[in-house]
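Both complexes shown next keep chain A, but they swap its partner, so chain B is in the first and chain C is in the second.
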Partner chain A sequence: MADTTLIAENDILARFPEGVSQDERKGYQGYIVAADRLVEFATALRDEFGYDYLSSVTGVDYLPEGKMEVVYHAYKSTGGGALVFKVQVPREDAVVPSLVGVYKGADFQEREAWDLLGIRFEGHPNLKRILMWEGFAGHPLRKDWKEAYFEEEKKPFDSRWPGGDVYRAEDKNPFGKNVVYPEKFDPEKWTPVGEEGFYGGLRGFDAGDGDEDLKTEQVVVNLGPQHPSTHGVFRMVVSLEGETVVRLEPVMGYLHRNHEKIGERNTYLMNIPFTDRLDYLASMSNNWGYVQAVEKLLGDKAKVPERAEYLRVIMAEFTRIVNHVFAIGTLLNDLGAFFTPMLYALEERELILDIFEAVAGSRMMCNYFRFGGVARDLPPGVYEKMRDLVFERLPRKIDELDRYLTENEIVRARCEGVGVLTPEEAIAYSAAGPVLRASGVPYDVRRADPYGIYDRFDFDVAVRYHGDVYDRYLVRLDEIRQSIRILQQALDDLPEGEIISGKPKYSIRVPAGEAYGRVEGPKGELGFYIVSDGSANPWRYHVRAPSFINLTALGKMCEGDKVADAIIILGSIDIVLGETDR
Partner chain B sequence: MSEELNAKGYEIPPEMRNMVAVTTLDKLYNWGRRYSAWPMMFGLACCAIEMIATAASRFDLSRFGMEIMRPSPRQADVMLVSGTVTKKMVPQIVRLYNQMPEPKYVIAMGACASGGGPFKEGYNVVSGIDKFLPVDVYIPGCPPTPQALLYGLMKLQEMMEKQSIKTVRWYQKEDLPAIPVPILGPDLIDPRDFPEFQVKLAQAADQAQVEE
Partner chain C sequence: MYGKGILKGLGVTLKHFIDTYVDDIRMGKSRYGTEKGIAYRSSKDARGIFTVQYPEEKLPTPEEFRFIPFLVYDEGEDGEREIRCTSCGICAKVCPPQCIWIHRSKDPETGRPVPEPAEFFIDVDVCMNCGLCAEFCPFDAIIMDHDYELAVYDRHANNIYDKEKLLKPAEYYKDIRPRNYALQEAARAEKAAKKSAAKARRGKA
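Let's turn to the complex of A and B:
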């Protein structure tokens, strides 16, 4: 947490005269740290400079320069802008010291960088693949790695019907499907790796204490990937002693749809509908995060008109309500109140989706934001509908939900004191959104690092102090109320005027450089890291997914609780697999 | 009810109507099945959310006798493949399908399950569940609206109606073979490819050479 004796930021170079230098490439910011000084640097950053929250870790493959770069974005949990630092290593032998010892939240992100980019993190306690399976050939996000359906480096592709004959990607692959194998591979002589080693690691703990008569055996239980309470295709491997969770390991990647690889081939505009499909309950917020990152690169060329700024806030806050009522509904599902609370939640969701459908043309995948504005203006009648919802119906319905659930004895008995995460742990694990705020850290990107026009609205950052499942539920309820407050102000002030600056263009050229755009999505801090090389397609496109990173703390939260509680702890984190696995 | 069940060409006396129906076994059997097709509670991706919305009060799946979603494949009749099928997930999906008792149906909901959809080019994406499972109804859309899903389910009911015990594949003399479960190797391996594997591998190597 914040220390009073912090060193000012511009002293970083003075504090580290060797091994740290300013990143001087055009369009880039931050510091380049020598690999052997990284751990020392990060420790000082956390303890002396107050950057205690490591938001994002990712790698960039600079193929032409033969370099692999790891990019870190650190923040102060008291608010303010990012401190970016980077480590550059040779591509062929990419080894970087792990920061798990300094920031625990780096755990899954470093595993992801190892999985997809082949950067080895020395000292990482559990450096395994996380999104792909153990034994998969290659590191797919490397720029020289080609997939089975590879056609061309960049979109838009050439004609798919040259000479009038249409072809599909399957027709060109001898197997007729999306597979590629190493040369001379013989499946009949090949033995699987991975799964056995996985369970072996979990079995390692034996609590017998040498007493043969009292030898207790731990049981390994698999929850998922097909399980009604894992919110999609998520898997938890739990070692149990009796009913108590000794260790829990999340396994993901069952919905890994290669968002980043596809995104690096798309043009900038093409990526907007793909971001819809990240967190498919909150497509409008996802749009915003991505658009914000690209707008940062574009600079003044993409100035957002007043009306569009308001429309963005309105849509993002409606999305938050949709997401939170859904999260509360599924949490109650997980608690055993099967589908009835969900019906109440879905009723409100449908009404908001009607607005989205009228405005954007689609219920779920809105694809509404554009660089420098939004895609469409409000059709007639929608404004009145929104006013009716925000001023009349929603406040009433949220109170109703509150009345039915909050004081319910079963809800309280099951949720209070379960899955506790202390504020220190929450920050260390890089938890974000309601999970962080329920632990007593009032960190909301809308306040800590305001974007759009959030500085104009009067709202409170919802915060609770117990860090348990119940508080996470209450924070969501509070946030719905705050969203309604913001919506009421935004609808009152909504000005007339343009909705997009300049003429909408299909292909934009983005100046070379890097940008990190982040918004407070309903699940937490949603960040997009984009590296542009000045062409029509991003060179690197990375998503800092709050669902994914919040899961880093899942194991810690479940330790010592009952296995039945693991389900509701997962429900209280509120993950969406599209975003977790990307 | 008996009106609906009655086979054509049989005159039922007026006083017996609504009490007696003369019908075929097929018709009776299909009538029972079509109004109690239990879907498996199994969501993969975005489409699953629309599936949940369809089950909720506004669209109400139970009007079609389908409100009982079963998390266990052993109790389900219809597998709604609702979302992107990834290589990492497909072994589980095939296993779930094999565990379902016959008669069983598969609905590919949305663009991804039908053919890979927007993510088709991805290295971890199976371009359509029909590469592994026999699909009965494809529902287009990304995601399909609840109305589209309902229409797809109604199409499935129509299909059930037309089936005959004599010809459906699960009532033949020989046992239906289970679908071999794909293996996660260096890439996804389909055991059905084994006989021709080396030939195709050589072809792929040739192709790579030509392209270089």
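Let's turn to the complex of A and C:
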């Protein structure tokens, strides 16, 4: 972790007189690092400058310039703004050294960039596809890649108006003809052979392995993709030694829909309802992360009025409560306490969703935030309802949930000391949100790098120190209490006034440049990286999904624990597949 | 004492259980199947069982609730339908999944566009109920509906709604969204007043 002898950020260019330069494109920031100096640079950044937390790794395809760029956002785990650095390589031969050796949290993100953009990370221990399947042809986020239902480069599509002769996309592109296979690949003939065929690609898997003298044999078990514990379509491949997990690897992508490609075809406004579908339990926070990034690009044009700032905080904190009661409920389900705790938790969620429905029009797909404000003011009666909940009911009910579960001996026996992640590991693996804070790192974007008006509220960053499943549960409980505190202040101070700046426009142009907006979503740091080329559609739209990146540490957490514990460890990370797979 | 935590927890469940029956006795028949009962179960005072027994019971939809959009028409003097939509195309352009298809009418003689859609389709399989079309329509011509019971046996045959299926009277709009309707009517009246005042002024000059 950070110590006192760190070098200041301004000295970066002095420290690296060669191979590192300022990114001088208009609207861009940070440094451009030569590919061969990258590992050295990142190591120095971590050890000498204190940027020990790598938040986001992604690529951008600059097709017209023939370049592929990898963008890194690093932070200090003690708080503060981002340090952005980039590597540029030729598009056709995109090879970048892997940073997994420096930041373990780069693992899945680099695999994603390989999968979707075709950037090869040299030295990556396990570079293979992560969201698409192995038999998939091409790298879909490349700008010259066209998907099966391809109609046009950008929305709105010309065919819709004025000569809108309707047809169904499936009719033009029937099922079965909408897939391209790699050359020499015949899906009819392809069958995986034996265990090797199924698991051969998995890291360290060794079919028929086992110590001859001890006569032990490792068994590979698939949990999922259809499994009640995985909260969706998600697979864990576990190598077992008896009941003990030796290795665990998450396999995902079953719900992948190339959200980012869709986002790059959409106009800026269209993306807001699409973000609802990421983490569908927390659509308000998703909205916020996205509009924040775009507002950064828009600058003063999108200044958020006071009332809207408060409404944003109120909605985001309600969302956190919704998410955490749900997470606690499902954790208990995973523990085998079927549905009674879950339903008690859901009751509070329902009451909050009633509010969302009354204000935003939908219980889950809220689509409530707009650039420079929010979509709608509170209808009559809703404010009172919120007050009743926040001042009267929720505190009482959360205490009840606490009384109900926290001291339960079975819960404690199952959860304490299970799935431990040390603070150093949590930072190295880029874990975020409750997972990070339960490991004793008091890092919360609302405090570390405040956005909106969070600097005005009095609240504590919830933190626990054992890094186990039980502490992750407790952190969520603490956070609900803190959210109630914030809500009480926000409702007391809610000013009258405008809810959006300027007249809402259906098509906006965004000044060219890049921006990274991040919020403390209920599941952790939710970031949106946006590159604008000045047109009505984003050139690059990337989501830093906490559900996805938190899974990087899953294997580590499960090693040495029992297979039954793997289920609750997964439950304690609290993933939503809509966001993991995007 | 080992097991105290479990007992405490069981106490909570027991309380929920008892609360359900206490409320049943206290409220009698009105607890289930009545508006009052449903309102109670979704209020801050709800205790005990809180499930709403859909489809026998339904939660009331708040005014802002949005589902598939519909097109509004006003009743003309002689019962004629005056479609508000001018086929300006904004909703088709703003729609995120691009599920609105509008065929603009042309005057058969001059070939100029006429401000009324010849055809209007919404593929409700694709519609994501986002409400942006209604939010940005400059003529209050497309409004989000409250009807969410749309299941059909064959989606291919039924789920592209055409103009006829989409059209609903302004009365219906007023019925489901009284507050919004009143606000918009007031704004329209104001606009019309301004327009006629401007006309009068011009007439004088």
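Worth pointing out:
We adopt the following convention: the second predicted complex is superposed on the first by the 538 of 582 C-alpha atoms of A that agree within 3 Å, B and C clash if a C-alpha of one lies under 4 Å from a C-alpha of the other, contacts with A are read in each partner's own complex, and residues count from 1 in each chain.
To be clear about the criterion, a contact is a pair of C-beta atoms (placed from the backbone, for glycine too) under 8 Å apart; a residue touches a chain by one contact, two chains touch by 3 or more.
Please read these numbers as outputs of a predicted model, since none were measured by experiment.
Of the two partner chains placed by superposition, only chain B is touched by A:225; chain C is not.
Contact with both chain B and chain C is seen for A:365 once the two complexes are overlaid on the shared chain. Looking at the shared chain after the overlay, A:347 reaches both chain B and chain C.
After overlaying the two complexes on the shared chain, residue contacts for A:13 are found with neither chain B nor chain C. Contacts of A:506 after superposition: chain C is touched, whereas chain B is not reached. Legend: residue contacts after superposition of the two complexes on their common chain; A:269 is shown touching chain C, with no touch to chain B. Applying the stated contact rule after C-alpha superposition, one finds that A:156 touches chain C and leaves chain B untouched.
Contacts of A:280 after superposition: chain B is touched, whereas chain C is not reached. When both complexes are overlaid on chain A, the residue A:257 reaches chain B alone and has no touch with chain C. Overlap of the chain B and chain C interfaces on chain A: residues 273-274, 277, 347, 350, 365. Contact residues on chain B toward chain A in their complex (touch as defined above): 41-46, 48-50, 52-53, 55-58, 71, 83-84, 86-89, 92, 96, 116, 118-127, 131, 142-143, 145, 183-190, 193-194, 197-198, 200-201, 203-205, 207. Interface residues of chain C, counted against chain A in their complex, comprise 2-6, 8-9, 12-13, 16, 42, 44, 46, 50, 59, 61-66, 87, 89-90, 92-96, 98, 100-104, 113, 119-121, 123, 128-132, 135-136, 144, 156, 160, 179. Within the complex formed with chain C, the chain A residues making contact are 155-157, 159-166, 168, 266-267, 269-271, 273-274, 277, 340, 344, 347, 350-351, 354, 357-362, 365, 367, 375-376, 379-380, 385, 388-389, 392-393, 400, 403-412, 504, 506-507. Note for the complex: chain A touches chain B at residues 131-133, 135-137, 140, 147-151, 169-170, 172-175, 177-188, 190, 192, 194, 225-228, 232-233, 253-258, 261-262, 265, 273-274, 277, 280-281, 339, 342-343, 346-347, 349-350, 363-365, 577-578.
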